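Okay, here's the structure, questions in a sec.
Chain nomenclature is as follows: A, B, C and D, assigned in order of appearance, with residue numbering initiated at 1 for each chain independently.
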Amino acid sequence: MTGAHGYSSQKDNYTKRLRRIEGQVRGIAKMIDEDKYCIDVLTQISAVNSALQSVALGLLDEHLSHCVSHAVAEGGDEADKKLAEASAAIARLVRS
Amino acid sequence: MTGAHGYSSQKDNYTKRLRRIEGQVRGIAKMIDEDKYCIDVLTQISAVNSALQSVALGLLDEHLSHCVSHAVAEGGDEADKKLAEASAAIARLVRS
Amino acid sequence: MTGAHGYSSQKDNYTKRLRRIEGQVRGIAKMIDEDKYCIDVLTQISAVNSALQSVALGLLDEHLSHCVSHAVAEGGDEADKKLAEASAAIARLVRS
Amino acid sequence: MTGAHGYSSQKDNYTKRLRRIEGQVRGIAKMIDEDKYCIDVLTQISAVNSALQSVALGLLDEHLSHCVSHAVAEGGDEADKKLAEASAAIARLVRS
């Protein structure tokens, strides 16, 4: 499925943040390859997890305000489906 | 600080997993660039977070069994320092 | 603020689960008082955290399907407020 | 298993914190029984989760510094067992 989404207006912001996270992950692989100290590697992993969580929370916020809200305003099965789908995504984030 | 660490015998395993995670993060940036559906993006982010957590827990396990255990066996300030450092890293992981 | 909420139809279910969680927390205090093994105490704490998360995710699901959906269907500032409030609650859950 | 543990010197501190958490959980059940606003209930649940995590991290820190360190200093199978057990408990905390 493609097309405009809740996050579309912020696309550049998100892709930029993900490029930076990608670089951080590459840096962690390099740290391990160069036998860097384990605790320093763990600190970097915690930082990447927090950065990914922020991206996820931003995407979710815009998804609720746009896709889910539009579906709810129209009502019917699509609204129920979108709400169930959002709740499942939230549960995955909380538990991951 | 460089040299042999707890994870050294598994270095290839970890760098391989991190290269795969790096590819997943690049894939997420591409999904956003191609306006993929928000929920699918969130599912990928949860998957990356879980994969990073597994890497972190593996590194931590080996850190406790090697670096921390060696310091504890020798005793003294270095043991206390290593234990405090490990606890702080665990707290960051639990809270991130 | 009082009155009917998303979770009202499930009130007995939630209060029952929370009474059980309350009993589990009391049990953990008793374990510590009786010098039970630390790892067993930690296992119980992880179980309580998971049980609380399930309650929170259930409440949030019903909040989105009822309060937030009603506000969105009516539109205006109240919809924006409810959406922002829900996103902030999700962020607290993900980070706690 | 009973006897002195890492946390023994702090027993009163921990049981006191857990009594307070028990009271918070009872308060959450009461909030639901009185139809309090869902978001306020979620805020309380996040607070309890954070408080439980702090207790768990404190217990774990003392467990590593005492039980695990003693086992490591003595060496042998018991050391390996204690380290594996601690890593499993950490993984449960990170994932719960």
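The working rule: contacts are C-beta pairs under 8 Å (C-beta built on N, C-alpha and C of every residue); 3 or more make two chains touch, one makes a residue touch a chain.
These figures come from a predicted structure and were not determined experimentally.
Ranking every chain by how far its Cα centroid lies from the centroid of chain D, the top place goes to A. Chain pair with the larger contact count among A-C and A-B is A-B, by C-beta pairs in contact. Centre-to-centre separation between chain A and chain C, using Cα means, comes to 22 Å. We define each chain's centre as the mean of its Cα atoms; on that basis chain A and chain B are separated by 19 Å. Residues of chain C found to touch two or more other chains are 53, 56, 60, 86, 93, 95.
Put simply, chain A touches chain B in their complex at residues 1-8, 11, 14-15, 18-19, 21-22, 25-26, 28-29, 32-43, 45-50, 52-53, 55-56, 59-60, 62-63, 67, 85-86, 89, 92-93, 96.
Listed in rising order, the residues of chain C touching chain A in the complex are 53, 56-57, 60-61, 64-65, 68-69, 72-73, 75, 79-80, 83, 86-87, 90-91, 93-95.
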